[in-house]
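So, here come the structures, one by one.
Next, two complexes with subunit A in common: one pairs it with subunit B, the other with subunit C.
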Partner chain A sequence: MEVSRLPLAPSQKAKLISAGYTIMSFHLFCLNSSYHCTDLNISDTEALEILKLASQSCRVDRLDGSHAIVNGAQTAWDMLHEEEFITRITTSSADLDNILGGGICCKEVTEIGGVPGIGKTQLGIQLAVNVQIPADRGGLEGKAIYIDTEGSFMVERASQIAEACIEDVLKNYVFQRKEYQACQDEMQPKTFLANIFYFRICSYTEQIALINYLDTFIAQHKDVGIAVHAMFVKVVILDSVTFHFRQDFDDLALRTRVLSGMALKLMKLAKKFSLAVVLLNQVTTKFVEGSFQLTLALGDSWSHSCTNRVILYWNGNERYAYIDKSPSLRSASTPYSVTVKGIRDAASHCKRIRMM
Partner chain B sequence: MANKLISQMGLSKSTANIFAARNILTAKDALSTTEFELMELLDMGMAEVTSAVAHISESVCPLYQTALSLMEERAKNEYLTGHLPTRLKGLDEALCGGIPFGALTELVGPAGIGKTQTPVRKVVQLLAQVVELEEEVDIAPDVNLSILSRSIALQFCMKLSLLAALPTSFGGLNGRVIYIDVESKFSSRRMIEIGAKSFPEIFHLEGTAQEMAGRILVLQPASLSEFTESLQQIKLSLLQHQVKLLIIDSMAGLVSGEYERDAGAPRQPSLGWHISFIKSLAEFSRIPIVVTNQVRSQSSDEARQYHFQVQSGGESAEVPARLDSHLVAALGIHWAHAVTIRLVLETNSGQRFMKVAKSPISPPLAFPFIITSSGISFLSDDGIEVLGPEIHTIHFQGHNDIIDLNRERLQ
Partner chain C sequence: MPPLKSLELKFPIIDSKFLQFCASNGIFSVEDFLVHDLYVLVAFAERQSNSKELKQGITQVLSIIDNQHQPWLNGVEMLEDAQQNKHVLSTGCEGIDLLLQGGLREGQLTELVGSSSSGKTQVCLQVASNVALEHGVMFLDTCNSFSPKRIACFINQLLNPSFKEDKQKILERIMSSILCHSVFDIFQLLDILHQLQFKLRSQVNTGDGEVRLLIIDSISSLITPFLGGSGAHGHSLMISTGYLLKKLAHEHNLAILVTNHTVGGVGGVPKPALGESWKSVPHVRLLLSRDRGSNMCNISILKHPCLASGRTERFMIYD
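This part shows the complex of A and B:
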């Protein structure tokens, strides 16, 4: 383990290096801390702290032969096994689910972009509602966090979509009359709305702060309502990731660094709580090969930060979704529509999925 | 929240001192750098930096609300659950009660006449005056004067101002209105006329016209910088003076006067600042903000496709032929993303339409309407659902008509 890679303060690192410790080797631990103090000209507590960190990181470094060859790694076989259990959130459009491999994937970050008015917010609200479909009705029975940076979230619309969602769920399952009644009592638009945590963000500082804080927030809200069902936050929707970053950042290099840091945190979050992170993005124009083309905002380096990327676009008079980037899905496009009830299949119902 | 001082967040004294010593005073300073940069800058270990950042984040982070509490709170605290009714039944239904509070609503109508074409403009202005003078004139549907469409937007804005100023007993918001009139088109006389025609029961009372008009404050900034300044001043007075509606007529007039071209680099930062400032105004004071916008013709090299559409070019059947004089809203795609609701006023084959082009609540609807002495009146309250991106294009016959028509009229 190299000293320069230890998570120490720069000045302490400099002291260690100037005293000749470039590699944290075994002999460093044999010496007691008071020796370090005089040698490095640091206080006793600091020396102890350094030793603690060093021994920790060395332990990570050493081979843990019993279980895994590299600490923290997983075999591809295990991953395959795990993938079978990955849950997905339905979009309420069968075609769209189909090209997404069953819906928006939990444990991953999905970016969805498109021109104004194409239905990004609609899809966001739809997902916040759909994540709550009870487990015995084929849903995730989770909660949603909706982070609104643009002020476009409309509670009236969320309520409309929730009502339509409940109606559809009830319709799809034929129950005996009694059971139907119980189910109807259980699923109320109000409970659906109560399970959407809404954050209104007014600056990019708040956006960064909230994403830093989400970890704690989700952990705290794990156990709410444990008496009835243990409900976890299963989706985080950021509508839109772009807005504040597009206006107020002058230093574009810094913007890229901050954004990729944010994307990393979101990815970690997705893995840790096995939830889906959905980032909505705006579009901008880009000059490519002599003509202007539409492209998602925030630049090329940002486009590497998300695992999946879906672009919503107009194709003639229909709305289409296109899988632009995904490690596991084929790039495909399919029509969908936005109705009073929310996101649904395109009206003319013939299979028109086209592989590209 | 972004400018909250780190020294007041209850970090441990030594850590707070280190932040202060490096001139990292606010949450914004601390959070707009990465954690590694902070380690370098503050000369602190990873663990300390992470915990400090987590602490700062937590204290800056806004509180959450559930969607349910949000809805209940609005139903309880806000008059008409946070909507300004437009009194156009179809539109109010589509928008769940009217123009929403706390959001940006855009009204797009063709201005048509470029600023350089002064002679034509003069004539049209003259004509517009004639039209305004003839009170009861029911403008023939074949008159496709851009300036008239523009004045429809203007009339609609004036009507909204009145609605916000009306006492609550008459369905208004009983508040003040700030009207930022960039193009100096506001006409008090016309506004009172509209008021008298639309709400005769109120305007016939002694002194109400004066009271209503007294509640509408008109600002006429001469330049972008003046506009920016007055926006900043407004922020404070919005809360103090019971302002219930802010109208900016027009945004494009300001911005496009000073910068050229759609994707031009220099405009973006400035427009960006205005966008976020106006949106934060709406949010913070919970009032509806209505902004008018002009149109421009769609240039042929305009980006309409993504790279994957270009590649599979032949396959996709799209890019409908754009034969008629198509117009699109000015200010570009960045602005279009920022508005919450976009209403388009257009004339299509002799019939005027108001289209709900972008809205998180309403499906894309078009309402045919006519102009009466009391303003816009819908022919039908059941909108026609519009398919496809058609909803964003703005129909309006070319400039030639105007000139011909002017000749006819002036003879």
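This part shows the complex of A and C:
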């Protein structure tokens, strides 16, 4: 178990290596920590910390009784079967759901970007509401976390969208009279709003701190909800991820480091809790091939930090969505519209999906 | 480098008298020993009363140092090793196989560089499906882009359409030889690579079915959070990961494929990320680009130990 593999601070590693400790074995844990203090010229607490980290990692090393080559690996066959049970979050627009393969997928990070006014926040609010549709009505029955960096979340609009969503759900299912009443009582706009956890972020340090904190927050917040099912957080919406990183960031190298660290944490969150992470991004101009083109903000290295990317753009008077990057979906674009009820299909008579 | 007194337990010849002798010459650690002029040291030892033990002590330390490096190999042994152990794995994509004269070579670290949405993950999935027909594949995924659906799609294209009845069983067998693990941290990656090394060392050679291909998609997203800044520990992590991968590839006859993204370079021309020091780490570097709005891709060689760089091929990613 080499010292270079341990997640220690570089100064501590340097002290260990210069004193000759390149390999930490399990026996080191049993030795008196004060011996190391004098030898290495580090404080008592530091020595204890290092020994704790080393023993944790050594314990993992010794668990080699399993048959798998690497602990925690899954075969592609198992993952294929698991995929069939993953429900997707509908966007309330059938065309948009179609090009997304059924909706926004859990366990993945989806980035949605577009010019101002195209409907990114509306889509974010729609997803925060749609994730709460009960499981027997085809939804995920989960809670939502909405992280607002720009202050564009309007509670009245969320309530309006929740009402419209409930109306649609009740309309699409044929009930007996008693069930209808019970269902209508269960699904109220107030309960929908109560299941959206809202955070307002005012600086990039707050953003990083919150994302680090989300792990414990999500683990804590699961309780019994509608129809005695445990309700977990199923979607995290970050609106928008760019805002605090665009201005006042002098050190671009630091920005890249911070953003890539954040992207990895979000990926880990999505995988660990099986939730969908939706990042809303802004656009900027870039000089490409002799002309200025619109691209998503935060640069080239950020463009690799998401699993799927959807770009929203104007085509004449209509709003269009285009799948820019996806490991399993084809590139396609489709129109959609933003109405009083939220995101819906485009109002045009000839609705068609153009395959690229 | 360990201090000399720590060797006392294991090697009794290095006793306190020897340590005293070394200290009188300013030698306190093994590093000092290496740096010191050995002829002068031996001459000095000759003049001491216990010269025989001292010279034995010096020989002992030298033999400890000798055990630290890899054994010498001559050209004939290396050629034999290359011909018998380091086979070429076909990627399943004619364009890439044509470009690389066969495919990915075992024992080599191949890097695939491309801008966003250029098809890197698709190529990785296709290579994984093709190699999984005969060997085991290990896929380390950092961006949750491993899609079992796509793998099934590629495998269905590769299989002979006449075996319709057994198709499910064959699909199961092939997909069970692809192991996928999500990695979100460079230290986690190093742990996994060490676990893999341990397992491969202790495994008996079983021929078919053992892991022959390791794919890391993408390694740049694990390294960029540490690169730059005031300390050089990001660089040291990157280089030590690279060397660990190359060592794994050589010792256990694995082909390793990693992906890297691009960043803006001089004049707006995109260049591979991870900087200048990483350039010398992979054996083979390939640049991938996709035509706007279509499935046709362009792949070219940036660096290769035996093929000319600048050669390009075109191929298509199937739906």
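In this section, the second predicted complex is superposed on the first by the 285 of 356 C-alpha atoms of A that agree within 3 Å, B and C clash if a C-alpha of one lies under 4 Å from a C-alpha of the other, contacts with A are read in each partner's own complex, and residues count from 1 in each chain.
Basically, a contact is a pair of C-beta atoms (placed from the backbone, for glycine too) under 8 Å apart; a residue touches a chain by one contact, two chains touch by 3 or more.
Since the structure is predicted, the reported quantities are computational estimates derived from the model, not experimental observations.
After superposition on subunit A, the partners subunit B and subunit C are accommodated together without colliding. When both complexes are overlaid on chain A, the residue A:R157 reaches subunit B alone and has no touch with subunit C. Of the two partner chains, subunit B and subunit C are each touched by A:L254. With both complexes superposed, B is the one of subunit B and subunit C in contact with more subunit A residues.
In the superposed model, A:L80 makes contact with subunit C only, not with subunit B. In the superposed model, A:S291 makes contact with subunit B only, not with subunit C. Contact with subunit C, but none with subunit B, is seen for A:S303 once the two complexes are overlaid on the shared chain. Of the two partner chains, both subunit B and subunit C are touched by A:P7. Touch criterion met: A:L210 reaches subunit B, while subunit C stays clear of it.
In the composite built from the two structures, the nearest CA pair linking subunit B and subunit C is 5 Å apart. Residue overlap on subunit A between the subunit B contacts of one complex and the subunit C contacts of the other covers 7, 10, 254, 257-258, 261, 288, 324, 331, 356. Within the complex, the subunit A residues that touch subunit B are 7-12, 49, 53, 115-117, 121-122, 125, 128, 145-146, 150-160, 190, 193-206, 208-210, 212-213, 216-217, 240, 242-244, 246-248, 250, 254, 257-258, 261, 282-286, 288, 291-295, 311, 313-318, 322, 324, 331, 338-340, 354, 356.
For subunit A in complex with subunit C, the touching residues are 4-7, 10, 13, 19-21, 57, 60-61, 64, 68-77, 79-80, 83, 107-109, 253-254, 256-258, 260-261, 263-265, 267-268, 270-271, 287-288, 299-301, 303-307, 309, 324-325, 327-328, 330-331, 356.
Those residues of subunit B that touch subunit A in the shared complex are 1-2, 27-28, 31-35, 37, 39-40, 42-48, 53-54, 56-58, 60-62, 64-71, 74, 96-97, 100, 102-104, 263, 269, 272-273, 275-276, 279-280, 282-284, 301-310, 312, 315-318, 320, 333-334, 336-340, 342, 357-358, 360-361, 363-364, 387-392. Subunit C contributes residues 1-3, 6, 29-30, 115-117, 121-122, 125, 132, 138-139, 142-152, 171-172, 175-182, 184-185, 187, 190-192, 194-196, 198-199, 211, 218, 220-222, 224-229, 231, 233, 236-237, 240, 261-264, 268, 270, 273, 293-294, 319 to its touches with subunit A in the complex.
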